[in-house]
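Before anything else, here is the set of structures, which you'll find just below.
Below, subunit A partners subunit B and then partners subunit C, in two separate complexes.
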Partner chain A sequence: MKKHLNTLFVTTQGAYLAKDGETVAVRIEGETALRVPLHTLESIVCFGNVGCSPFLMGSCGQRNVGLSFLSEQGRFLARVHGPVTGNVLLRREQYRRADDLDFSAAVATACVLGKVVNSRTVLLRALRDHGDKIDAQVVQESINRLGAAARRLQEGLSLAEIRGVEGDGARTYFSAFDHLIVRDKANFFMHRRSRRPPLDRINCLLSFVYTLLLHDIRSALETVGLDPAVGYLHRDRPGRAGLALDLMEEFRPMADRLVVSLVNLAQLRCDDFVCSDGGGVRMSDTARKTVLVAYQKRKQEEMTHPFVEEKMTIGLFFHMQALLFARYLRDELDGYPPVIWR
Partner chain B sequence: MHESTDRHCDDHSPLEVKLYDEDDLIMISSLQHYLFCTRQCALIYLEQQWLENRFTAEGRVLHERVHTSGRESRRKLRIEYDVPIRSLQLGVAGRADIVEFHRQDNGLWQPFPVEYKRGRPKKDDTDRVQLCAQALCLEEMLECAVPEGALYYGEKKRRTSVIFDASLREKTAQTAAAVHALLTEAKTPPPHYDKRCESCSLLALCLPTVATRKQVGRYLRKMVEL
Partner chain C sequence: MMILVSYDVQTSDPGGAKRLRRIAKVCRNFGQRVQFSVFECLVDPAQWTKLRQSLIDEMDQETDSLRFYFLGANWRKRVEHVGAKAGLDQEGPLIV
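Right, the complex of A and B next:
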């Protein structure tokens, strides 16, 4: 099995990354603060004002080390793309199939099915773990509706219908989501999903974790030679990572669970967030670091991949899904198997 | 002799040899990958997939060392490192790690390719075919015969001499033609699982044990039984 490699997150403002032999040197105020061998890295994510030498960028591109630049708050800014461009034939197939509405619907079904079933599992676990503390009836109601949505998806729906099921499912799920938070309800709550800007702490956390997830999935797709921009459920829209968003659906519930446990285990406090006068909520540096560490740790956990039936780290799941998708495009598989957590 | 004169295959040559276009040359290293596993060859040269593992990293460090110096010269022996070579007849291009030029009694310099290999000598022909391809390139470029070369195995610290006889030449030409056919057809062959896979640097990408077709439908039905 491919080894799980690390992600280097650089959050120190003013830091500069340079290639030093076979390592990445992180320089802070002219001093080398850290050196990481390149071959141990899967990706590098820079937050805010972090610089990077062109030679390091080149090496990252050449060796498929994802290199992304995000704003301090985690908004995507740019990505470095190396000279290795993957298989143009595979990408042509990806594009061709995106014009095929039946194929697109099949992919969309698989992605939404993964999301719906996994969302349902999140709620089921919450019910099992905190059934006494939460409004079990509301949660159970959502579980039932998500179950119905999953059955509906097996009926061979059109793209528009699939999108409808996805939307209903998300609404149902997030309407129950607030009940999963059992600590400090005065400060941690979620009444509805908001993104631009996030209007409460939970939404702020979710957005941030989704950004990390999207970065990883996008890197995995590029490594395999797929174009993250051309999706099936998410149709083309300039600037949008359609395929990365498609494959992200099945992983969102995992990210949600991470957020819930960070809050329920009191790893984040209410003053880890800054509320702006406009109503938007931002994270403090410490909160961001806490989330990054928790995310990294989660990626290092091992699980059996349900389709491949091999044990691997969760970090490798992204890569595996990208590989399986490429196989589907090459007709080596008869469908796309989303990761379904049982 | 190593004074490369600009020349083209003349149209009057008795044997009609098909020459490849420079744009269509394949990497010499692809021959070796093809002989190891056709799928591996397609994954690398068609899908442009490459996974750096410990072995390839070590190989690269070794090569980087070999490639640092350019040329060494003594009275009877001159050595060139990292020499760009190609053959339009085979349709291959690449670099030779080392080409030694041995001075002969008649004053001519005889080219003698040497390829460095990590690890130990292999039972199969892959390394010999790769070296032979280099020899054929040198023959074509320098217009001379290259009857012999050597493989140097890092683990054994030993040189093995390789004679480029008719059967090795034939096998090299056939392999080059087969790689061209594979890349022209542009279809990645399906995986097959056997003991080679364990030492394959692309194992994690190729997933030879992951079941293929007709599995996903069943998987989905099983996973969403609510």
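Right, the complex of A and C next:
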């Protein structure tokens, strides 16, 4: 089994990454602030004004170290990747199956089912943890509706219908999301999902964590040899990582939980955010670091994978799911098993 | 697994400084310098074989010495740092 390796996040503005022997050297104002051997890294994520030497880009491509560039706020800009690796036959099968609408619907059902069931678990958990502090009736109603959506998905729907169920599910879930936040309600609230720009602090956090998640899932797919751009639930659109977004659905509720606990445990405070005139909300540098540390710690926690029944770090779950998907394409599995969190 | 590499290179004889430099470079490629001639290397068995052989190739067995300490996967329980320049946890969150 693959080992879960570390991710290097560079958030210092003006930093320059260079290859020094077999290591990455992070230079800040001419001084080497950090030197890490490349073989201990799975990916490098650069935020904002961070430079990178061409030789480092080359080595990252060669060794399959994901190198991504994000804006300072965490919006995805670009990524560097080396020669296309992996099995052509697998990729061809992936493209062929994407044209098959029945197959696409089967994959989409699995992904959306994972999302709906996991979202329901998040709400159930909130009800159990602090049912006395929140409006239990509203949350319970959302739980029931998500349960009904999960049952509907088992009826063998068409792609359009699945998308409908997904949209309804997301709306139901996010309408109850505000009840999950039990601390500092004046500043931390979530009335509806908003992005580009996020209009409140919770939306700002959610968008940021989703970007990190997408980066990891995309890298996992590429490592296995799949094309992250060709999806089943998410149809082709230039510049969109369809398959990565498909596989991300089941992990979203996990990211939501991370955001909720950051706020509820007071690891983030109201002044960690900057509101701009246009109504958009941005994170401060310290807040971004707090979130990155929390995300990285969460990825290092160990859990038993529900399908393969093996203990592994959560960071490796992405890789495992990509592998399972590849096996499904090769007809070694009857269906794609999404991760259902307990 | 974590391996602690420490070395002693005789620099008084000709070529000593060069050997010292090259040994340090090999160590740096695999791990983190924690003291002047002490490195902590996080490697898998294949990488370890490579690291060990590269070091042996660089050294002069007549005059220099290498010492390897095997700290395993649960190395955190076996390492304590006191004083300045605490090393960085290579498996912990890496943010600069």
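We adopt the following convention: the second predicted complex is superposed on the first by the 341 of 342 C-alpha atoms of A that agree within 3 Å, B and C clash if a C-alpha of one lies under 4 Å from a C-alpha of the other, contacts with A are read in each partner's own complex, and residues count from 1 in each chain.
Everything below uses one rule, namely that a contact is a pair of C-beta atoms (placed from the backbone, for glycine too) under 8 Å apart; a residue touches a chain by one contact, two chains touch by 3 or more.
It should be emphasised that the depicted structure is a prediction, and the values quoted were computed from it without experimental measurement.
K.L.:
If you stack the two complexes on chain A, which partner ends up touching A:Leu292: first (subunit B), second (subunit C), both, or neither?
P.N.:
second
K.L.:
Who does A:Asp334 touch here: subunit B (first), subunit C (second), both, or neither?
P.N.:
Touch partner of A:Asp334: subunit B, not subunit C.
K.L.:
Name the contact category of A:Thr7: first (subunit B only), second (subunit C only), both, or neither.
P.N.:
Second partner only.
K.L.:
Which holds for A:Gly167: it touches subunit B only (first), subunit C only (second), both, or neither?
P.N.:
Touch status of A:Gly167: no partner.
K.L.:
Counting residues of subunit A in contact, which comes out ahead: subunit B or subunit C?
P.N.:
Between subunit B and subunit C, the winner on subunit A residue contacts is B.
K.L.:
Touch test for A:His39: subunit B only (first), subunit C only (second), both, or neither?
P.N.:
After superposition on chain A, A:His39 lies in contact with both partners, subunit B and subunit C.
K.L.:
Let me test your reading of the model: by the given contact rule, A:Pro54 touches which partner, first (subunit B), second (subunit C), both or neither?
P.N.:
In the superposition, A:Pro54 contacts neither subunit B nor subunit C.
K.L.:
Which subunit A residues contact subunit B in one complex and subunit C in the other?
P.N.:
Residues common to the subunit A contacts of subunit C and of subunit B are 39, listed in rising order.
K.L.:
Taking the complex as given, what residues does subunit C use to touch subunit A?
P.N.:
Interface residues on the subunit C side: 25, 28-32, 41-44, 47, 88, 90-96.
K.L.:
For subunit A, which residues count as touching subunit C in their complex?
P.N.:
Contact set of subunit A toward subunit C: 3, 6-12, 15, 20-23, 26, 28, 33-37, 39-40, 289, 292-293, 296-297, 300.
K.L.:
Under the definition above, what is the set of subunit B residues touching subunit A in their complex?
P.N.:
46-52, 57, 186, 188, 190, 204-205, 207, 210, 212-217, 219-220, 223-224, 226
K.L.:
Name, in rising order, each residue of subunit A that touches subunit B in their complex.
P.N.:
Touching subunit B: residues 1-2, 39, 63-64, 84-87, 89-90, 110, 113, 117, 120, 147, 150-151, 154, 224-225, 306-308, 323-324, 327-328, 330-337, 340, 342 of subunit A.
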